Amino acid sequence: MPNHVAKVIEVVGTSDSGLEDAITGAVERTAETVQHMRWFEVTEIRGHLKGGKVDRYQVMLKIGFALSEDE
Amino acid sequence: MPNHVAKVIEVVGTSDSGLEDAITGAVERTAETVQHMRWFEVTEIRGHLKGGKVDRYQVMLKIGFALSEDE
Amino acid sequence: MPNHVAKVIEVVGTSDSGLEDAITGAVERTAETVQHMRWFEVTEIRGHLKGGKVDRYQVMLKIGFALSEDE
Amino acid sequence: MPNHVAKVIEVVGTSDSGLEDAITGAVERTAETVQHMRWFEVTEIRGHLKGGKVDRYQVMLKIGFALSEDE
Amino acid sequence: MPNHVAKVIEVVGTSDSGLEDAITGAVERTAETVQHMRWFEVTEIRGHLKGGKVDRYQVMLKIGFALSEDE
Amino acid sequence: MPNHVAKVIEVVGTSDSGLEDAITGAVERTAETVQHMRWFEVTEIRGHLKGGKVDRYQVMLKIGFALSEDE
Amino acid sequence: MPNHVAKVIEVVGTSDSGLEDAITGAVERTAETVQHMRWFEVTEIRGHLKGGKVDRYQVMLKIGFALSEDE
Amino acid sequence: MPNHVAKVIEVVGTSDSGLEDAITGAVERTAETVQHMRWFEVTEIRGHLKGGKVDRYQVMLKIGFALSEDE
Amino acid sequence: MPNHVAKVIEVVGTSDSGLEDAITGAVERTAETVQHMRWFEVTEIRGHLKGGKVDRYQVMLKIGFALSEDE
Amino acid sequence: MPNHVAKVIEVVGTSDSGLEDAITGAVERTAETVQHMRWFEVTEIRGHLKGGKVDRYQVMLKIGFALSEDE
Amino acid sequence: MPNHVAKVIEVVGTSDSGLEDAITGAVERTAETVQHMRWFEVTEIRGHLKGGKVDRYQVMLKIGFALSEDE
Amino acid sequence: MPNHVAKVIEVVGTSDSGLEDAITGAVERTAETVQHMRWFEVTEIRGHLKGGKVDRYQVMLKIGFALSEDE
């Protein structure tokens, strides 16, 4: 069995509704160009404030993906 | 007044719906065997991806509990 | 153009319903006395447990704000 | 029940006799101007040396306090 | 010589008098149910405040113990 | 599908021959009393020195395990 | 000799010319309202990009100051 | 308004004259192939020494960029 | 002499035999598409367990590479 | 005024009575061979356990010292 | 019993064959000039790449040693 | 080819003019007694304030050096 190698990229998802929405948005947008995604890890939770309210949540993620389907 | 000693355990809750659901699932499942739980702290937020979508959220928690009720 | 200086404060928002509610509560309560808030960063996610359930989520935030509107 | 918001400040207590004395000094001096203090966390333990001896202990603390008594 | 395996647990000792008292209390209470303890490491120093004073010191410790006497 | 909860324990494996041997020793000794182990993470690599040589490698691991087979 | 207590605040200085300029700007602007400043520590170096160039350096600082001149 | 997703890359700028020069060099070289860059964060400052002097400064940066202009 | 800019990528090598094998596998697989690799740094050591044994080691690496041969 | 350069060394003080005693012991023993010591910072608090009790506290310190008296 | 004081130094071992070889090389070379070494801790694992392969492993270690034999 | 071992020392450079000046001052002063210096890493950026201005920058560096020229 050949050993696996995965790549890790970092993205920031943004949402005005909540943390899961920022995460799923980042994952689904990344899926348009990256295949075989396997896991994510949240590395930072930030946000933008406007008019005394939360304007946008920003969640930074590492995403790991295999280089081919069978890995 | 005798001084308190609390124990700390670490668990990972998993949910396909969101972060709070992973946290409450981990807490309630732990409550089946551990009493007098007092606090939790999130130490890691990860997840599993499948088909270009979030398949499961995984939240690692430290949970602190007293050794007896009156502590 | 004069250079900007922002201040950073730290607050803890508490909610019995979820993480975003703890964050928005902290931001909106802070907005009663602080103006020109620009960003936040989550530095800790903890909570209080009671009766084997999550009683309250506690989210610690750094909040950055400008010293005047045009900064 | 309205949700709570606490503020967090950072102080450095100094003592020539020991760590607890630096902590309690910082807490009691802060209490002169801040009410409803609830918890502290030690973030750094340093000190000043003079003549080959410990001259002063310096303990940095985060202190959390509620914005009103019933929070 | 067989190789050793040690277990590590995490506890929080509490004391109203000082840091060493919180540490020794945590160790001695743990010794009631755990044998062959070999080392500890302090991972967090916190405390509870009441009436503008330190009410209790809380010291979190990792404790390492061998699985049998001769390890 | 019910959501999963995993537990995490921390152990230290010791070996006089190398890092992998310390890791596998810790895992296999833990397997004598813990079932359904799924993953490990190395949190610290230390060792004991004697006579100017490495006497023992000590590798601290977090080990995650499911509470039942089908989780 | 009474023991000292210092306060610590956090600010972000911004400059389009360089890191020292962001630091000195933050310090001098803070000096307009805070006296007896004693030390700073850089906790984060970030910046804003525009048109493929560095638009602004942003340096986050902790600043420690005494509560009165003779402390 | 669709939610944003940004990508984050990591680069190391090198300069024999100073820190800002290493940062701007890294940013401007990256701008040759990456558009819509929005922010950077310094993650490491190192350097190479030769003949008892600083030969080169090496500054590691995370750079965030939007996937299209209007994000 | 023009100043250098290097890129940094993150990969995870997997091996069922050991840590060096996971590292060299990740490096050699990356070399199929990336040239001028200069250094690596281990950022995480994890693994997968099955049947009470180590099934695979997983080593996360940052890899730095120059953008052209002479850098 | 020539600029200062200080050196930093790391030592571990050990005491069977308490944390301050471990710190002052480390400082005073270091003073036998090192002059012009200016500050210390605690980097780790550990200890040795024996017979279910704390046998020795071990406090790791960084100590900074000037290279000559007038620095 | 007089209390112990240990010193801690930091070294980097290099090997073209593997991690343990880099560690033991660093320890044995240090033993030529330092006596009474007691423990090590790995603080960084890096390496040099050449021609698309691992050229050298570099392991940074803290080494603790007593100031005399009976400590 | 014998494997290399490098030593790492920590120093603090001080300057009233800027960060690079503090770094180069620390490196050049260290070069008076240490040979074969190869790299540095900045571990802390602090400073001293006086009269509402930056009085001195203090940059802490790790410096790595080989034990002989050909290493």
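For clarity, chains are labelled A, B, C, D, E, F, G, H, I, J, K and L in written order, and residue numbers in each chain start from 1.
Keep this in mind: a contact is a pair of C-beta atoms (placed from the backbone, for glycine too) under 8 Å apart; a residue touches a chain by one contact, two chains touch by 3 or more.
These figures come from a predicted structure and were not determined experimentally.
S.K.: Supply the minimal count of touching-chain steps required to go from chain A to chain K.
M.R.: Minimum step count, chain A to chain K: 2.
S.K.: Centre to centre, by mean C-alpha position, how many angstrom separate chain B and chain K?
M.R.: 38
S.K.: Please report how many Å separate the Cα centroid of chain D from that of chain J, as a whole number.
M.R.: Roughly 23 Å, centre to centre.
S.K.: Which residues belonging to chain A are in contact with no fewer than two other chains?
M.R.: Residue numbers touching two or more other chains: 9-10, 19.
S.K.: Going by the touch rule stated at the top, which chains touch which?
M.R.: All touching pairs, sorted by chain label, are A-B, A-C, A-H, A-I, B-C, B-E, B-F, C-D, C-G, D-E, D-G, D-J, E-F, E-J, F-I, F-K, G-H, G-L, H-I, H-L, I-K, J-K, J-L, K-L.
S.K.: So in the complex, the part of chain A that touches chain H is made up of which residues?
M.R.: 9-16, 21-22, 25-26, 29-30, 56, 60
S.K.: Across the complex, what residues on chain E touch chain J?
M.R.: 19-20, 23-24, 27-28, 31, 35, 37-42, 63
S.K.: For chain C, which residues are in contact with chain G within the complex?
M.R.: Residues 1, 3-10, 62, 64, 67.
S.K.: Using the touch definition from the top, list the residues of chain F that touch chain K in their complex.
M.R.: Residues of chain F touching chain K: 18-19, 44-49, 52-54, 57.
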